[in-house]
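Read through the structure below, which is laid out as structure tokens, and then see the notes.
Each chain gets a letter, A, B, C, D, E, F, G and H, in the order it is written, and its residues are counted from 1.
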Amino acid sequence: MVLDVFNQTEGKPLLIQPKSRLVMIGDSITDCGRAKPIGEGRGEALGKGYVSLVDALLGTVYPGHEIRVTNMGTGGNTVRNLKERWQTDVIDLKPDWLSIMIGINDVWRQYDLPTYSEKHVRIEEYESTLRELVGQTQPLVKGLVLMTPFYIEPNRDDAMRAAMDRYGQVVKKLAEETGAVFIDTQKAFDDVLPHYYPATLAWDRVHPNMTGHMVLARAFLSGVGFGWNG
Amino acid sequence: MVLDVFNQTEGKPLLIQPKSRLVMIGDSITDCGRAKPIGEGRGEALGKGYVSLVDALLGTVYPGHEIRVTNMGTGGNTVRNLKERWQTDVIDLKPDWLSIMIGINDVWRQYDLPTYSEKHVRIEEYESTLRELVGQTQPLVKGLVLMTPFYIEPNRDDAMRAAMDRYGQVVKKLAEETGAVFIDTQKAFDDVLPHYYPATLAWDRVHPNMTGHMVLARAFLSGVGFGWNG
Amino acid sequence: MVLDVFNQTEGKPLLIQPKSRLVMIGDSITDCGRAKPIGEGRGEALGKGYVSLVDALLGTVYPGHEIRVTNMGTGGNTVRNLKERWQTDVIDLKPDWLSIMIGINDVWRQYDLPTYSEKHVRIEEYESTLRELVGQTQPLVKGLVLMTPFYIEPNRDDAMRAAMDRYGQVVKKLAEETGAVFIDTQKAFDDVLPHYYPATLAWDRVHPNMTGHMVLARAFLSGVGFGWNG
Amino acid sequence: MVLDVFNQTEGKPLLIQPKSRLVMIGDSITDCGRAKPIGEGRGEALGKGYVSLVDALLGTVYPGHEIRVTNMGTGGNTVRNLKERWQTDVIDLKPDWLSIMIGINDVWRQYDLPTYSEKHVRIEEYESTLRELVGQTQPLVKGLVLMTPFYIEPNRDDAMRAAMDRYGQVVKKLAEETGAVFIDTQKAFDDVLPHYYPATLAWDRVHPNMTGHMVLARAFLSGVGFGWNG
Amino acid sequence: MVLDVFNQTEGKPLLIQPKSRLVMIGDSITDCGRAKPIGEGRGEALGKGYVSLVDALLGTVYPGHEIRVTNMGTGGNTVRNLKERWQTDVIDLKPDWLSIMIGINDVWRQYDLPTYSEKHVRIEEYESTLRELVGQTQPLVKGLVLMTPFYIEPNRDDAMRAAMDRYGQVVKKLAEETGAVFIDTQKAFDDVLPHYYPATLAWDRVHPNMTGHMVLARAFLSGVGFGWNG
Amino acid sequence: MVLDVFNQTEGKPLLIQPKSRLVMIGDSITDCGRAKPIGEGRGEALGKGYVSLVDALLGTVYPGHEIRVTNMGTGGNTVRNLKERWQTDVIDLKPDWLSIMIGINDVWRQYDLPTYSEKHVRIEEYESTLRELVGQTQPLVKGLVLMTPFYIEPNRDDAMRAAMDRYGQVVKKLAEETGAVFIDTQKAFDDVLPHYYPATLAWDRVHPNMTGHMVLARAFLSGVGFGWNG
Amino acid sequence: MVLDVFNQTEGKPLLIQPKSRLVMIGDSITDCGRAKPIGEGRGEALGKGYVSLVDALLGTVYPGHEIRVTNMGTGGNTVRNLKERWQTDVIDLKPDWLSIMIGINDVWRQYDLPTYSEKHVRIEEYESTLRELVGQTQPLVKGLVLMTPFYIEPNRDDAMRAAMDRYGQVVKKLAEETGAVFIDTQKAFDDVLPHYYPATLAWDRVHPNMTGHMVLARAFLSGVGFGWNG
Amino acid sequence: MVLDVFNQTEGKPLLIQPKSRLVMIGDSITDCGRAKPIGEGRGEALGKGYVSLVDALLGTVYPGHEIRVTNMGTGGNTVRNLKERWQTDVIDLKPDWLSIMIGINDVWRQYDLPTYSEKHVRIEEYESTLRELVGQTQPLVKGLVLMTPFYIEPNRDDAMRAAMDRYGQVVKKLAEETGAVFIDTQKAFDDVLPHYYPATLAWDRVHPNMTGHMVLARAFLSGVGFGWNG
């Protein structure tokens, strides 16, 4: 079920069933100041990023679905960290749907802290770990969404951009293997980048502003059958 | 041009022209912590409410339009206050499009501070002042959007809800007189209220949470021809 | 001893004996920022709500009684939480008189967090738990006061108001079974509600302002034989 | 109308008419952190002292009276300061009823800062200034309440207590001359002092805790015909 | 060695030997914000009260003595608390000289928290505990200074003042039994009280200002043979 | 009246008359966080330095003198700054006694900011300005005290120490010319310096700790006839 | 005097004469939290950027030169802002040497706020304004240093990098016209960029970390004849 | 390899090999607010002192070396403290190069806290402990740098300066014994002190300002073969 997210026909039903619990896990892009230890509740418990936008758009257009969104992102995480907290932070929460967006820090540390090799997650470890987590979890959920990492840099020859693309290919491969919903967040940013100075969308080309988070929310929602008019 | 905002056909062009400046004025619902004295710039300059959602959705779906959104809401304002600052805060900014959402405090003060009569803006003053502002400004702009005030209370027999509905009728009448785009925010909330405990959308039934602001953003955008897929 | 609290004859003696220790337990309405772990001492140790008003009124009119008031309210509590801390927070303190006001969160969570079913305390659990606590404690104290939960919403057809009334009926039944002093806080609010916009008494219709807390203090005190002139 | 405040018969009507504006002026005992420049509005605008207790008790027992209470106390004030701000802080507010409690700092500075003679307001100046303010204002209001200053010191031979009693006699004389309601706050404290260590009611024997403020509120209210049961 | 502290002849040698360690223990009057867990070092490690004044006067007049002053006061302590921490806070520090000023809270709690009987240290317990501590420690030190508790209230008929005088008599008796240096702090305050409003020296008649702490420092120093000119 | 301050005979009367106002002016050593604009009142209004120690020692030993001490020191001041504020900060306060300690910054800026010549007050300007201020003020007061500047550096060959000594000689000369009380603060520090590492008394060899301020207070007091036993 | 800054021969004398005042003006890169209104003095008065490094390196290697460095950078400035404050912030300070680094914001606003055209300083205005300032000031100083703006982006095809290069060419042209010392800061960054992920040197590719500021300090110093060994 | 650090010939290769990890350990001069527990990472993780200047200068001139600098200084440490944490803070980090600058507190405590003998580290203990640490570590690293302690006091007859010189001699002896790079920081300061008031370089003559830290960084770098032009 690798979907071309921007050609969805309005009117198709939302893939996420009414009364589902949707857990979204990831790094700081997902976290955005969510409540700890469990990212749900009133106020800013879902953080200030794409997760809260997803929740608000679902709640506005599909209020009768009563979808329970839980944000389990943690700043600075790599896939190695996800594995460490997978039991308590994913399995124990019994999600109906699960989304995963990981990999930015796996790549970034190789560039911003090149001398700290103990912090680098090479692509082989990234792929094997992510495959292990997906394989362990798919039998337990109704739906799985795999989102690529991204780098808001239009120059595809940039070393870190090129690396991020390779990690994104791993995510695509895993989605194809497992039939998970695939969200190409890099493509979503590439579509708008011709119109923006990159730092406008994210001061460090990684942590998006509100528009950047909306790009992510829109990509995710389009992938799960969301329509503006319900 | 009173539009039934939820029956827009996707594919219609956005009413707001590329490179337009859109000024949005109102009370605390609009303000939401915007930058002062002029609500624009980087960071949270647009505040944390529907204005920043409108900006983010326009910027995501119509990045090439380069619409410049300016938030001129001020907490606690009634239409009487708008009149005092109309020259500096609207006219001098030379907007291409202008949206106005005012009236909540005009009504609310009659209920939460009933003994402070000097703070009450009765419906006659509300109508005449708003008509004056609209009349003065319409010749100067390309588009005008009039949004009703609202009260997130499902019981239409509630005294304050009933009063708010009467003020909303004034807005509708003015939109019809002038051909402005009309946004019925009360109806937008009424559509979702069967599914929510009111305080979930707004702790005091007035100041919305993220979902409540998304309801407002969606109503506004649908009224100006926004489509999820551009 | 179910008393009609507002027809007390002035001059009747105060039910609470001199030198008694009065422990008042409940949720955030009782808590109001009390000292932890034991809510007594100088300064604002009794919190800023009805407990401190009860203490101040008893201390003003009956200074010779030297009643020791202890506030054991805890924000967010349901009757399920009271049971967990009953031994340390009630029994170990050896109260002479005990008042209990619980149930608001038991009901509220069903409305403001409808998808979080693990936080809902249904009426059967509410009744059985409260009966257990009362039964266990009554033999140990000289006097017991049972106060209903309340919702500052005048519309009795409102779903949450109707539910709160049903929980209040449970409290009344338990008071009748045990001969405890019964305080109908909902009725106390209903008596003043014709004169107030609900949010004036409590911004979220639950957490009262000073006037709302005085309504509670007056209801409690009238139930235990307090007279303005001693 | 010098009333023996504690022998009021319940059932007598409240002296303050419905829809009256009651302005209460004084020093830090009145102020207690009120809103500036005008002490009224939501939240803690009335401060945390006897004024807010008076407001809450009136609002609880006489909700239909809709009395508008305004706190105009200012910390550190003597009668000399009241004179300086009388036009803006009393006359311009057009009160229906006015209460004045002043004199504590007039006396206190003579004891705690004995070498700063420029800060001392001697009894002759106190009497003539207070008489001038009362004379100027009585024709403009429906009711006037004169409250004595006090010192929470049981030893009447204490030099500062004896001085405070002399200033209180001035207030009594002015109430008798003008027919104002007279509130003997010193007597109200003397009635409870046999049961309290003075610093329990007020750490410095001047600034009361909640119980001490309730003593003041009860003295005031009993003087204006308040009854616990309405 | 019960000395009449104010008739010391200048020129007598200081009783405290060069290079001595002087530990001063007590309650909040001694503590005054000292460093924890051990009250010594640079900055305000000795607190802001009489201990730092004693240190500064010794250091100014007897700089060659190199006396090491350690402040071990703890706010809120009674003699019961001293006993609990005696081993670690006195014995383990191996003082050459030790001063003790305790008893204010032992008495005060009986007056400011009369209903909290578990916090009251009656005179029998006070005497027996203090005798035990003194007896245990005297063999280990070169010099012992016993300071009375005090209450800055000139009226000797005041109940708390009278009680404090009785506790002070216990200290005097113990000094006579053991030959310790006796410091009558109550007398030191009584000597200056004819010239001060009590709250000028200590806002609550217990916690002194700088002048009040100088009264204590002067009483202590005069007792150990200090002379202004060395 | 150049006194050898450390050979005062105890028993001589205090030079400062009862009920005098003593104004002490200077730089940050005098200031020490005093109240602004006038350094007097309760709490720490006199700052935390030698002025408050002088006040506390006078108040302890001579409580009946009721001397009113006012601290007019201002951090960073040179004699040039004193001249600018002399009318408002000295003359207008009508002191009975006046002390002046100035000159440290006049010298210091020449050493710590050698390239900022506009901040340097050379010795000629220092002498002429100080003579002018003294000459203008002496006829208006009962007593004048001139205190030298100081530098807590034992090495008299140090350039800044040598300069400070020259400025101190100017003060001595002016005291001799005018008969003012002369306080040699440098000598007071020199007397204790053999026993201290300089930074112990003042981290930067200028701003003293409590012991260093006591050295100053003792020098001042000995110069005006203070005796420890009154 | 366009110097190839990295081929300086050690041993050449420093161009800046002893006892010179060096004023460095610019935008936030220069500012870095300097003291206002004049950026000089102790502590962090010179800010935390290249100016303080220049000062520290000059002070370490040439301590006898006693060069007075003044930082007049102001965050957000364009050349348009420099012109507004040139009289007070440059001319009035009478510098011996002046360095100017401006232009980053002139370019950046065209990219990060493309719709705010009133904030854009086009290259014609940049060149004419900078030429005017240089022409006006050169006759007044002994030495002038012109530093290019920079963008820490290795991709020369990036639109903003290309624009910055064009503005840098203007600076070079002006240096050639006037004989000012020319510092090519862009080249200095280009030399190290092959070894760094750009965001490591400056999170937004503009505001450098300590290493990035050292790159600037080294470029400046090499241009004025600084040698590591003096 | 005791080098005369200021006669290095430019062009000699840097002693520290590419991709080395350089751990720098010491007291507060090294610490300067570094990240805990490990002093490395982005932002101010290296502190604000000479370590970050060393890192910035290496990173500027030798960007291709990719040297990983780790700051392990801890405020207040003596050599005794280094020994306690040597395993975790040095050995476990597997440094390629190690620098040690310790001894200031070992000496200082003998002067600023002369009565606290338990805090004094005498020269015998200093030498034996430092020799033990060096001996244990030298076999494990590629390079070792020993830096003397220092005291920014030009008067060599000053007692603490003289003591510091003796401790510095111990460091020199150990460098000679082991062939470690020797850095005479005291000499580096002595070279610039003729031009500075000591407190300008370090307010307490110990903790340097930016210029003082640059003196240290330059001394260290010159010792390891650094050249300004690479």
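Quick notes
Everything that follows uses one rule, which is that a residue touches a chain if its C-beta (ideal position, glycine included) is under 8 Å from a C-beta of that chain, and two chains touch if they have at least 3 such contacts.
If you want to know which protein each chain is, UniProt gives these names: A, B, C, D, E, F, G, H = GDSL family lipase.
All values reported here derive from a predicted model rather than from experimental measurement.
Listed here as common contacts of chain D and chain H: E, F. One inter-chain figure worth recording: chain F and chain G are separated by 47 Å, centre to centre, where each centre is the mean of the chain's CA atoms. The distance from the centre of chain F to the centre of chain H, each centre being the mean of the chain's C-alpha atoms, comes to 42 Å. Centre to centre, using the average C-alpha position, chain A and chain F are separated by 69 Å. Multi-chain contact residues of chain C (touching two or more other chains) are listed as 42, 66, 112, 114, 200.
Working note: touching chain pairs come out as A-B, A-C, A-G, A-H, B-C, B-D, B-G, C-D, C-E, D-E, D-F, E-F, E-H, F-G, F-H, G-H. Residues 19, 21, 40-42, 66-68 of chain B are the ones that touch chain G when the two sit in their complex. Contact residues on chain E toward chain D in their complex (touch as defined above): 111-112, 114, 155, 157-158, 160, 197, 199-200, 203-205.
Within the complex formed with chain E, the chain H residues making contact are 112-116. Here chain A touches chain B in the complex through residues 6, 8, 10, 42-43, 46, 52-53, 55-57, 59-61, 63-64, 66, 192, 194-196, 200, 209-211, 213-215, 218, 222, 226-229, going by the rule given at the top.
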